[in-house]
Every structure is written in C-alpha cells, then in structure tokens.
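Same chain, two partners: chain A is paired with chain B first, then with chain C.
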Partner chain A sequence: MLDQVLSSLSDGIVLGFVYGLAAMGLSLIWGVMTVINLAHGPVIALGMFGTYLFFTQAGMNPYLAILLVAVLGLLFGFVMYGVAVHRVLNAPHLSTLLATFAINMILIGIGTAVFSTSPHNVDFSMGSLDAGPITIPLTRLIAALGAVLVTVFLYSFLYFTRPGKAIRAVANNREAAELMGIPSAAVLALSFGLGTMLAAVAGGLIATFFPFTILSGGPYELKSFVICVLGGLGNPLGALLGGLILGGLEGLVPAFMPVSWVPVVEFGLFVLVLVVRPTGLFGAK
Partner chain B sequence: MKTRLRFGYLLPLAIILVWGVWVLLKGEDTLRETTFTVFMFIGMASSLNILLGYTGYVSFGHIVFFGLGGYFGFYLVSQHNLALIPASLAGGALSGALAGLLGLAVLRLRGAYFALATIGINEAARAFVSNFGPFGGATGLFVQFSAYEAYGGAGPALWTTFIYLWLVTLVVLLASSLVKSSRFGLGLMAIREDEDAAMVMGVKAPRAKTIAFMISAFFPGMIGTLYFFKNGNVEPGDAFQLHMSIEALVMIMLGGMGTVFGPMLGAVTYQGLRGYLLTSPIFKSLHLAVSGVFLLVIILFIPAGVVGWIRHRIPLTRKLLE
Partner chain C sequence: MAFLEIRDLVSGYGEVQILWGASLSLEKGKLTTLVGSNGVGKTTLLRTVMGILKPWQGSVTFQGRDITRLSPHARANAGLVLVPEGRQLFTDMTVYENLEMGAFSRRAHAAMKANLDKVFTMFPRLAERQNQKAGSMSGGEQQMLAVARGLMAEPEILFIDELSLGLSPILALSLFESLGTLKELGITMLLVEQNVTMALAVSDYAYVLAEGKVHLEGPARELMKNDEIRRTYLGI
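Coming up: the complex of A and B.
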C-alpha cells in the first residue's frame, strides 16, 4: 500500500512540474493584461506537433526541437497578439475571451484538417530511473528539470532585466507605466509572446512521454486554470507550486478513491478557492 | 409591474409562432429536426442573454444547467415514467434552484473570475455525473422504448417533443421581453453599466443578479430534458460540452447582446452558416476554422452585433427592434 502511494505520488509530482510550466504561460498573460487566453490549449498542442515534426521529419533530437519550438512559439504569440488581442484589450471581458476562443477554433480546425484527430507520438525513450518502489522514466525527469529551469529563467527575466521589469510595471499599472515612457503595446506583445512560448515548450516536453492529438491541449488548459487560481496570477513560482499541488493531488487521490473522482476533487477545489480567495493561495495582489 | 409590449417585443414572438406553425403544417421529419436544433439554440442563447446581455455577467459554463437539468428531467422520464411536461419543469426547477445556490457564492466574483468559476462548475458537474450511480455513471441513461407509447409511438413522440420545445422557446422570448421592459430589467442593466453605482442608486444587486441567474438557468434545464428525450439517451460527454456553451455566446454576440431579437437572429444565422459549412465540399474539413475567422471578425469589427449595428446606423429601426 505504502509503496503504491509512494510511486503514484512521485509520478504525480513529476508531472506536476510540467503542469506548472503549462500554467505559467496562462498565468503570465492573465497577470499582465487580465486576458484569459482560451487559445492556450491548442498552442500546447501545436508545441507537441512542432516537436513531433522536427523529430520525425528532420530527425532532430527532441530537446533541440523544443528550443526551436520555443522560438516559433514566441513569434506566434506576437502574431496572435497583433491579430486578435490588441484591438479588444480595453473592451469588456467577453470580447477578449471570445477573440482568443476564435483563435482556438481556427487552430483546432486547421489542426484537425492537417493532422486528423488520431494519436501521434514522439518515439523517443531514454530508459528510466529506479529507486526502490519508485520508477521514473528519464524523459519525465528531464521534463521536470526543464520546467524548473524555465521557471528560474522566467523569474530572473521578470525581476532582474529591464524588459522584465517593464512587463511587471505594465502589469501593475498600464497608464503609469506609459507615463514613465514604457511602450506598453510592445511590452504587452512581449508578454503574450512569452506566454505562448511557455505553452509551446510545455507541449513539447509533454510530447516526449505521452501520445497526443490536436485536442490534447484541452485538458492541460483546464488544469492550467485550476493551477492559476491555486497559485495566484502572474507569478511563475506560484504557478509551479500550484502545478505541484495539482500533480500531488492526482497522485494521492487515486490511493483513496477511484481515479475517475480526481476531476471532481480538482474542480471542486478550484471553485472553492475562487470563491473563498480569488487572488490565489499564494497571490499577493 | 407595468409592461408595455411594443412591436419590437412582439416581432420575435410572431416569427417563432409562424415558423412553428409552418413546420407543423409541412410535417416533414428533416425540417422538424433542423428546426428543433435552431429553436433549441434560440432558447439557450435567449436565456443566457438574460444574464449576459442584461446583467453583464459572462457565464461561460452555462451549459451546466442544460446538462444537469436535462439529466434530472431525463432521469425522471426514463427511470420513474414521469410525463414529459412535469419532468422538464422539474429539470428546469433543479437548474434554477442550483443557480440560486451557486449564485450566492460565485456571483460575488466579477469579470473574468466569474467566467472561470462557471467553467470550473461545468467541469466539476461533468466529472461528478460521470461517477454518480443513479444517473448511470459514465455510460449515462437510456429511455425505454415503451415510454414513447404514451405519446402514440416514437414518431408522434418526436412531434410532441418538438411542440413542447416550440412553446418553451416562445416562453423564453416572452420572459426575455418582460425582463427587458420591466423595472427589474432596468436594475439589471444598471448593474451591467456600473454595479457599484447601481447599488448606490438603490438596486439590490446581489438579489437581482441571483434572480437573473436563476431565470437564465431555468430554461436550459427544460430544454435539456426535451433534447435528451428526443435523442433517447443522455451521457456526460453530450450533456456538458463547453463548446456548446461558447456557441451560445457566439450567437448572442453575432445577433447583438442585450437585445431580445439579437440572440434569436444570431442563433438562426449561426446554425444556417454552420449547416452550409458542414455540407459545402470546400469548407467541410475546415468548418471550425472558418467559423473561428467569422467570429474573430465580428468581435473585432462589429462588437455590438447585427441588431446593435443596425439600430446604431438606422435610427428608424430603434422603435422596431428591441
């Protein structure tokens, strides 16, 4: 029993790092411009397919492919911001929600036409790590390490570089930041680009150990909502912690009740936290 | 409550009335099926509009009331042999009561937080129903064929269901007109423009919001029961499709939010467009992407929707379209 709990918990926590990474992009965009990016799921899926294409078509190492996917994700984010988000940024919430959902529909529609909805996978294995009852495939461990690395990178970017500080200033108060000479449109585009980049990277890392379809981003998008609410908005460390909590829950809950109850617990907790403490468990704002 | 039903309020009612009579006179099965879908979405979009358009709260997971109310009504019909009308009323009542309870908690959230909470509620409900024994768990429920005999067989039962849905759609439009032209509706619209100012002016915002939420949840519960009865089965995957919720939002945006005529026009246009895209050989595989582009263009360039745009451009129509 204890062995079982240990192995399922460690599985959950390792996955939790990746959930955290997937949520970080959503959290950044939400925190900076209060836009809930409903195209988050399809972007994660595009990250998966980008990695898949570089791996199968160009024979590239998947981790190298993820770096390329990251760059493409950043550029794609700029385009998305320019086309769909910038114009409706000051409109009521419904407009940004539906504008990003329109992108969601376009991406899923094209993705379905190109890749169909049958599962693909990146056929890549690196063996696994054994420690007593715990067995972790090395690809997952690398994904978890990658998530930590990206978090450190994002955190130092936001706190110690000029563009990062500009992002935080705009998140805090857009008018005041503009008065201080910060070009807010460029900063918002950069944050949106970074957000989609994070989503694409998370997708790429997930693709190295799970099979996927164009619709696979959806569940991660929903999990990201939960994580953002748990961890507070715009805070990379909060997102990572939220991801770990969610992963831990997914590991622990099946030990006590049937697996199918996991989403009930997750979303019940989500609504509860939203109602009781909408700024998130670790939110400072 | 003194209400003046002007031409603008009567127009949508008249259109649906004539449309239903026309379908009944024609008596074709395929026409009934397509009209059923259109009426269903008119009902869904119009009832959501009471919350979204008048009160300004974006309920993204509104389909949860369609799903849960439909499940409950269908459960009463299929497991307890209740007649369709009381069952659908019970389904609606469950949805309304649930909205009342949930509303007390989540209507305190504003803007995007409220939208997210409704998505969470929908997902939690889907997951819960998938595990809930009396509702058949993940496989759902079926209606016994004998249940149709009370309506004179499966064919006539479908026509009966259609007539009920037609009546419900009329009631939804009537309710939408009544709310809009009443003092209560004015309070809701004050909340939409500025909730704090409305409260200062004496609008009891928490109560008004909750009532609006309950009204907009009641009808989807009824419609859900009728829809699942028509299909003969219900399962969690069908009942809680977030996608359908968003389609209803798109219809409202397309037609014009906060109007009585808009959601109806939006539902008809959207269904027509989707039907065309799904059958056209060029767009068949890309229908989702084309609808997405279409939606994006509306949001970016005509955010007031068709009715809002016409009212703005042609002042004469302001008296005719509500």
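Coming up: the complex of A and C.
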C-alpha cells in the first residue's frame, strides 16, 4: 500500500511541475492585463503538435523541437495579441473573453481539420529512473526540470531585467508606465507572447510522454485555472507551487478512491480556496 | 518662439467637454503656475498635453515641433514628464525600481547614475528606503518618490499636478523649496497647485483657468496683487 502511494504521489508531483508551467502562462497574461486567455488550451495543444511535427517530419530531437516551439509560441502570441486582444483590451471583460474564446474555437477547428481528433504521439523514450517503489520515466523527469528552469528564467526576467521590470510596471499601473516613456502596447504584446510561449512549451513537454489530440489542451487549461487560484494570480513561483499541490493531489487521490473522484476533489479545493482565501495560498495581492 | 506652445486646446471625457480653447505658452527655464478652482480643467489640460487624453481640437508644439498626435510614451521620450495627481507610483515595486522605471527612456537611461545621485541627495529619505515597496511608504514619502521618479526621466519640462495635496504644511514647504533647486538645474516647470499662495510665491508666471479657458495671465508677482485673485484664490 505504501509503495503504491509513494509511486502514485511521485508520478503526480513530477507532472505537477508541468501543470505549474502551463498555469504560469495563464497567470502572467492575467497578471499583466487582466485578460483570461481562453485560447490557452489550444495553444498548449499547438505546442504538442509543433513538437510532434518537428520530431516526425524533420527528425529533430524533441527537446530541440521544444526550443523552436518556444520561439514560435512567442511569435504566435504577438500575432494573437495584435489581431484579437489589443483592440478590446479596454472594453469590458466579456469582450476579451469572447475574443480569446473565438481564437480557441478557430484553433480547435483548424487543428481538427488538419490533424483529425485521433491521438498522436511523439514516439520517444529515454528509459526510466528507478528508486525502490518509485519509477519515473526520464522524459517526465526532464519535463519537470525544464519547468523549473523556465520558472527561474521567467522570475529572473521579470525581476532583474529592464524589459521584465517594464512588464511589472505596466501590470502595476499602465498609465504611469506610459508617462515614464514605457511603450505599454509593446510591453503588453511581449507579455502575451511570453504567456503563449509558456503554454506552448508546457504542451511540448507533455507531448514527450502522453498521447494527444487537438483537444488535449482543454484539461490543462482547466487545471491552470485551479492552479492560478491556489497559487495566486500573477506570480510565477505561486503557479509552480500550485502546480505541485495539484499534481500531488492527483497522485494521492487515486490511492484512496476511484480516479473519477479526482476532478471532484480538485474543483472542491478550487471553490474552497476561493471562499476562504481568494488571493490564493501564496498570493500577496 | 515659446518652449512649449499650447494653442486653443479643446478636450474632455467622452461626451463631456472640459477644455474650451485653452492657450498657454511656457518659457524655457521658467516656473509657471496654473491656478483655478476645482473642476475648471487643470488636470484635464495636463492629461491632454501629455497625450493621455486625445485633444478634440488645438495643438501642442514643443521646441517648434508639433507633438499633438504623439503617444504619451513618445512625449516622455521627448522630455515632457508629468508627476501625476495622486502620484500613480508603481506601488508593488521597490523605491529603487520606481526610479529605474522613471529612467526608462533611452535618453534618461544614459544619465541614470548621475540622476540617482541627484535625487538621493535631494531626498535622502528615498536613499534609505530604496528596497522598500513604494506602496508601503507614507504619503509624504510617496510624493517625494513621485517627484524623484519624474526627475529620473531627464525632463525638459516637468508638469506637476498637485504637489502639496494631502501633505502636512511643513512637508509641502520643503517640497516647494526643492522646486527652487530644480529651477536652478534649468528645468522648465508647469505647476498645478491648490495652494495658490505658495505656488505664486515661487513662480515666474501664472495662468488662471476658468471654465476651460485661460481667464487671466501675467507675471506671478503681479497676479498676487490682483484684487480678483486675492478674493477668489487667496482668500484675502
């Protein structure tokens, strides 16, 4: 029994890092421009397919492919921001919700037409790490490590570089930032690009160990909402910790009750945190 | 040619027109004050000159260049800097980061070190609190930071909206004294101030705004003797 719990828990926690990474993208965009990006799920799926295409068509190493996917994700984010988000940014929240939902539907439609909805997978394995009852496939371990690296990168970017600080300044007070000579529209586009990049990278990492369809981003988008609430919106470290908590729960719950109870527990927690501590467990705002 | 020429400016919020053709000009190196009762459009004027509000009509010319259609950040890069009403600090960022953001434009960034020394000498309090979150400081300290952040931007023209609002008289006085220092540095300033006595005392020139237009103007010293000004704004 203990072995089983340990093995399931370690599985969950390792996955939790990637959940955290996916959530970070959602959290960044919300934190900077109070936009809930409903195209988050399909972007994760596009990250999966991007990695898949580079791997199968170009014979590229999946991790190299993910680097390329990151760059493409950033650029795609700029385009999405310019086309659909920027002009409705100052409109009521419903407009940005609808605009990003429209992108969501368009991406899913195109994805379905091009890739159908049958599962694809990146046929790639690196063996696994064994430690007593715990067995972790190396691809998952690397994904977890990648998530930590990206978090450190994002945190350093936001806190120690000029463009990063400009992002925080615009998030904090857009008008004042503009008055100080910060081109706020460009900074917002950059933030949206980074958020999209994080989602695409998370998707790419997931694709190295799970099969996927164009709809596979959906569950991660939902998890991202739960994680953002757990970790507090707009805080990269909070998102990572929230991801770990959620992953841990997903590991623990099935050891004690049927797997179908996992979402019930997750979203029960979601509501509980919203009621008791709406700023998130680690959120300051 | 005036340093900054504001001509027949018309603007407002949505359907509500606030400015009805205001014309002002600022001379280089001079301190000018804009006086007027609440709601006559002083803040609206500053916001329009900075480009936060789009002018409906009229023009703004800076050093002979028409800047009426420039975005606020482009104006900041050109050297027009506003210390806004209510401070508008980056409250979640540290004092140091606020100053750093003040020096964001390429022009100001080059002079950042020298300007940091300058503002820390002027406001030693800020040097002590460099790593504190701006939002956690007292009102007076926040006002100092707002002015200091404006100075970090290497202003050619500094617009200050309500320097003394909500401050103790002693603190207000010391901030007014620092305006003298800024003038010696050659910074052109336009001050919007509810404390008319103090403002006129330090200014070279003054405009009185009423109903969205310039109602009176003249050298500050002369306006202080004007009966209407004394009755309406100085309460004498």
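In the analysis below, the second predicted complex is superposed on the first by the 285 of 285 C-alpha atoms of A that agree within 3 Å, B and C clash if a C-alpha of one lies under 4 Å from a C-alpha of the other, contacts with A are read in each partner's own complex, and residues count from 1 in each chain.
One rule holds in what follows: contacts are C-beta pairs under 8 Å (C-beta built on N, C-alpha and C of every residue); 3 or more make two chains touch, one makes a residue touch a chain.
Keep in mind the model is a prediction, meaning the values are calculated, not measured.
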- Does chain B (first) or chain C (second) touch A:M180, or do both, or does neither? second
- Query: Is A:A84 in contact with chain B, with chain C, with both, or with neither (first, second, both, neither)?
  - Reply: first
- For A:A166, is the partner it touches chain B (first), chain C (second), both, or none of the two (neither)? second
- Item | More chain A residues in contact [chain B versus chain C] | B
- Message: Quick check for you: in the superposed arrangement, does A:L237 touch first (chain B), second (chain C), both or neither?
- Response: neither
- So, A:I142: does it touch chain B (first), chain C (second), both, or neither? neither
- Note on the structure: Residues on chain A touched by both chain B and chain C none
- Task: Could you pull out which chain C residues touch chain A in their complex?
- Result: 50, 52, 71-73, 76-77, 81-82, 84, 88-93, 97, 100-102, 104-105, 108, 149, 153
- Note on the structure: Within the complex, chain B is touched by chain A residues 30, 34, 36, 83-84, 87-88, 91-95, 97-99, 101-110, 112-113, 222, 225-226, 229, 258, 260-264, 266-268, 270-271, 274-275, 278
- Message: Under the stated contact criterion, what part of chain A meets chain C in this complex?
- Response: 162, 165-166, 168-169, 171-173, 175-184, 285
- Query: Taking the complex as given, what residues does chain B use to touch chain A?
  - Reply: 52, 56, 58, 60, 105-106, 108-109, 111-113, 115-117, 119-121, 123-124, 126-128, 130-131, 138, 246, 249-250, 253, 257, 285-293, 295-296, 299-300, 303
